[in-house]
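Both of the next two complexes hold subunit A, though its partner changes from subunit B to subunit C.
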Partner chain A sequence: MTNSRTHIAFVAPAIILMLVILIFPVFVAATLSFTDYSLGNKTFNWVSWENYEALLKRSSYKKMFSASLTYVFIVVPFSVVLGLGSALLLSSLRFGSEIYKTIFFLPVMATLLAMAIAWEFTVDPIIGVANATLKSGCEVKWFYSLMTGSWRGGEPLDSWYGLGCVEGMPNWLGDRKLALGTISFIGVWQAFGFNMVLYLAGLTAVPRELYNAAQMDGADTAWKRFRLVTWPMLGPSHVFVVTITSIRSFQVFDTVEALTQGGPSKATYVMVYAMFEKGIKQNLVGIGSAITIVFLAFVLILTLTQVYFVNRRVHYS
Partner chain B sequence: MASITLSGVTKVFGNSRVLNTTNLEVADGEFLTLVGPSGCGKSTTLRIIAGLENQTTVNVMIAGKKVNDLRPSRRNLAMVFQSYALYPHLTVRQNLEIPLKLRDLSFAERIPLIWSCVPGAREKVDKIGKVVNEIAATLKIEHLLDRKPGQLSGGQRQRVALGRAMVRKPAAFLMDEPLSNLDAGLRVHMRAELAGLHRSLKTTFIYVTHDQAEALTMSDRMAVMIDGDILQVGAPNDVYNDPKNIRVAEFVGSPKINILPGRTDPSGVLSCLNVNLSRRLRESVAGDVSIGLRPEHLSLQKKNAENCFLGRLTYKENLGSDVFLYVTINDEAHQVIARATPFEGHDVAIGDDVRLYLVPDKIIVFSADGNRLQLV
Partner chain C sequence: MNKSENWYSEFSKHMILLFGTIIVILPFYLMLSFSFKSPAEIQSISGGFFGNQALMTDNRCLKAGKSKEACTMRPVIYNYSAAFSEAPLLRYLLNGVIVTLSIFFIQVIVALPCAYALAKLKFWGRDVVFGLVIFCLLIPVHAIALPLYLMLAKVGLTNTYASLVIPWTISVFGIFLMRQFFKTVPDDLIDAARMDGMSEFSIVWTVMLPTAIPALLAFGIFSVVAHWNDYFWPRVVITGDRDLMTPPLGLRMFKSDMDGNEYGPMMAAATVIVAPLVVAFLLAQRRFIEGITLTGMK
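Let's look at the complex of A and B:
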């Protein structure tokens, strides 16, 4: 075998495909990020680190990083906790869990673009169901006092709900302060079903005998058994779920494109949307590529962290 | 230390009844084995005693106290599981500490870093450490204390599981097939060690196994369970030599007891395949019976004599110290197994016609419905 070159021929197709499909585009993007190239131009100029400097300095890109990171830091914890909670509840059900699983998994299977349109109607300030429901609550005394805090002596008009009853309910997607929160809410709604399925799979791998042993050892409350057995035994699931959710949250695009187009005043200007706007809509390939490279760096860091944890900490055998 | 009593316990899963009315008394300090084929309800019985499974009806008593509604941790029992059920993310030391920490420390005292601020916690933790060290020394696992279960061999995990059961000094040990994941050599070694442990701890042991050899070698008394019923409880010797039921006789003993069709004539005299046994039933009932013969009660015979079967040797199983001969008799209608010494076994070859002598004193007779019939 040492003298033959056949082995090279055997691995060549895989290596060539990998280079052409995966490595080469990244390399091209990295190269373009140092140019001012526009699609269709015959030539381009090297601009060195100009594109990256723009990413760090211009306020619209600062907003981009802040929007993406805020989205990730809202969606990841909420969808992970909700996913774990619903998985624990479902695994304790004796019957009916199939129905719940299907319902919670629906948002994952549905096309997010179609769902985004449904959400647009739901949160529309004038014809939306959300605000109509809130509005009708103004007439219901106990609900009003609960939401405004007047039951514990607060002034109703100091609360957002009391104000909303008088001046109209919030514009969920149109308000600069609320838009990213609304988009994140939809993101959590969409992501937690997937996390639930991952956690359910993780839970089936926890040996029943460990729970019995924990009971015998004195873990007589569900919380103690969760701390002693469930949480640590789900270690590999935690790492996988958090990584996958982070990467998917960084990749959020379709809800933004369908509902806000990055607005209002760049409040929902997330990275992938910026990539799309600069690189495709405005044909500024150079800056688009620079965003892409930064984006890839984020994803790479997440992936390497996962690999580290998988190898070091959470595998017990 | 405590006695354990089950009275009228039954267990129903859905529509199927896995445990018929079960009564069992385990004396203080006794080593009792529940033995039976898989699916006979022995593990369920153990789990009911532990409190991991709810009995469908009536009582479990530990040390004279009714524990029906008591949580497993409050019953002061310890259990060793077949898969050991060690916490894989904790070191051996932490695994051994867990039962004591959960019992003796308050919530605040179990929180990392905070515990050291709680008055009195340091003494408690030191005491737990001392107990763990003692147990580790007893089981000779001190050098493993800082490893994780994943880095241990099967035998070492077995010891850690035993240690985790021992640290709390429970009223009784429950063991659910603890040796069945070990290799053959280690299993025999651990049998002796467990029996030794029982002698030194002088605590009640309830041991579940499907391996009748474990039951025969280790226990003070054994309870044979088949299909949800405890068929016989007694010292291993009594169960082996004096089975009350044909199913018990067939389950206990390896190789299996030979069962041959027999008859009693109107005067109650027994015969088996045309061999007159010249034994008589205490209560004479004419008709068909089953005759049980242990392999060691059949022997090769050179000359023609009374009480002999003629047959052909079909297979020889050489175990070194013994040779088991598989012989078809009565025109190959029945096969019996006979034990021979290596010397005797050497003399015969497969295909030879042989003559088997049966010891009439040792025959065990069962009625057609499987119950034991006494001889005069």
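Let's look at the complex of A and C:
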């Protein structure tokens, strides 16, 4: 069989497709990032590092990096902590854990674009239930004092909620200061169920005896057992969950394109959206390619960090 | 710990989880509720979950010159019929099915023989090919989108079914996954097949394929879910032709065309698009969770 040539027929289609669809485009993007090419133009000029300099200097690209990084730094910690928290809660339940697991996984399955629009209507200033609920809370004394902080002696009108009761509740997607937070909230909503399932799988791999042993050694509270046993034993899950979530967060596009188009005033101008807007919508291929290459660098750094940690064996087996 | 303390902690855990459930369910609840209610009820945030279902008159239908009786209906009927008539929703759904199934089909045809060769055949350069597969796993889709779009535009393939399918024909993850799976298939099985005079080609499709059904099913769920829900790539290559739009892209067009009071029909369309996967997920939960997390490295 070693003499047969069948293996060529078996691997050739895959190799050709890999080279044409995956490898070659990366070189194309790298090359075009040093040009001022536009689709439809016959010729183009080499502009050396001009596109990359623009990325570093122009304020709209500074906003782009800041939006993407802020999004990642909000979504990753929140969805990881919520994922781990709900996994721990579910694994300690006596009944009902399967139902919660199903519900929390629903956002992972559902078409994000459709759900983004549903969220948009939820937080809409006019027809949204979110603000309607907050508004009706203004009349409820205990809720009002809790939200404004007046129960501990704060001045109600100094808090956003007290102000909202008087001047109208915030416009979650239309306000420059809130839009990125709202988009990140949808990101967390979508991602934490995925992390929860990964952590649940990680938890089943923790040997029961370790908890008994830890208890005998004096870990008498649940928190101590968590810190001594669960947390370190979840090492491989942590690495996987954190890198996957970061990579996915860098790729956020659907919610931004459908709800804010990068606005208001570039507050949600994340990298993939910027790449789409510059490179494809405005046909500024050079700058779009430069964004592509920087994006690729970010993702590669994250992936290689993961590989490094996995090879160092962050697990205790 | 005594019994009542135990129940107290169980109760508080359920309280926390119920609060989470409300937030997670909220957009699904509103999507369904909007798809039932009349424009007036949506505007005034009233009518509960299902609305009053008072008869309403469709002004657009009147303008089209139809009788008043023909244009009067329950809001739920209005929303869902408008979803299918204002936009070619049926066409979008059909496109979604065509695109996702062709992608999965081609991925299997390309990946399976390659995975078999990498797992079970010895040939010069095998490690190089496997290295290439691993290397390609590192390349995120968004990083090749722009150049790939330019390449497709150069050969005049944008706004075609082909452009929706081509970038996904190669799934390095599929190759990797199937290779790992084939490694576990005993060599005796293949040797026996060879003794019977089977060609390598028929070994792949009649011996290896049936053993790989569980792995293939997990991969299939992953692939179909990812491409049914994908919005980014269709948004890039389909720029005007509505007849080629996939469900998420069609819904997006619906949104940008919306004039005023179309929340109901739009959420009806959203419900129709989200429903197939959610229902399938509820029916075969374990398999879906397996398929999506197992392949989570993409």
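What we mean here is this: the second predicted complex is superposed on the first by the 296 of 317 C-alpha atoms of A that agree within 3 Å, B and C clash if a C-alpha of one lies under 4 Å from a C-alpha of the other, contacts with A are read in each partner's own complex, and residues count from 1 in each chain.
Following the convention adopted for this analysis, a contact is a pair of C-beta atoms (placed from the backbone, for glycine too) under 8 Å apart; a residue touches a chain by one contact, two chains touch by 3 or more.
In this text, all values refer to a predicted model and were calculated from it rather than measured experimentally.
In the three-chain model built by superposing on subunit A, subunit B and subunit C fit together without any clash.
Of the two partners subunit B and subunit C, more residues of subunit A are touched by C.
Applying the stated contact rule after C-alpha superposition, one finds that A:219 touches subunit B and leaves subunit C untouched. In the superposition on chain A, A:142 makes contact with neither subunit B nor subunit C.
Once the two complexes are overlaid on the shared chain, A:280 sits against subunit C while remaining clear of subunit B. The gap separating subunit B from subunit C at its narrowest, counted between C-alpha atoms of the superposed chains, is 8 angstrom.
Residue overlap on subunit A between its contacts with subunit B in one complex and with subunit C in the other: absent. Residue ranges of subunit A in contact with subunit B, taken from their complex: 207, 209-210, 212-213, 215-220, 224, 228-229, 232-233, 235, 316-317. Residues 47, 50-52, 71-74, 77-79, 81-83, 85-89, 98-99, 102-103, 148-150, 164 of subunit B are the ones touching subunit A in the complex. Touching subunit C in their complex are the following residues of subunit A: 1-2, 4, 6-7, 9-11, 13-15, 17-18, 21-26, 28-29, 32, 39, 82, 86, 89-90, 92-94, 96, 100-115, 117-119, 121-122, 126-127, 129, 132, 189, 193-194, 197-198, 201, 240, 244, 247, 251, 253-254, 257-258, 272, 275-276, 279-280, 285, 288-289, 292-293, 295-296, 299-300, 303. Partner subunit A is touched in their complex by these residues of subunit C: 10, 13-14, 16-17, 20-21, 23-28, 30-31, 34, 42-43, 45, 110-111, 113-114, 116-118, 121-123, 126, 129, 132-133, 136, 138-151, 153, 166-167, 169-170, 172, 175, 194, 199-201, 204, 225, 228-229, 231-232, 235-236, 247-248, 251-252, 255, 263, 266-267, 270, 273-274, 277-278, 281-282, 285, 288-289, 292-293, 296-297.
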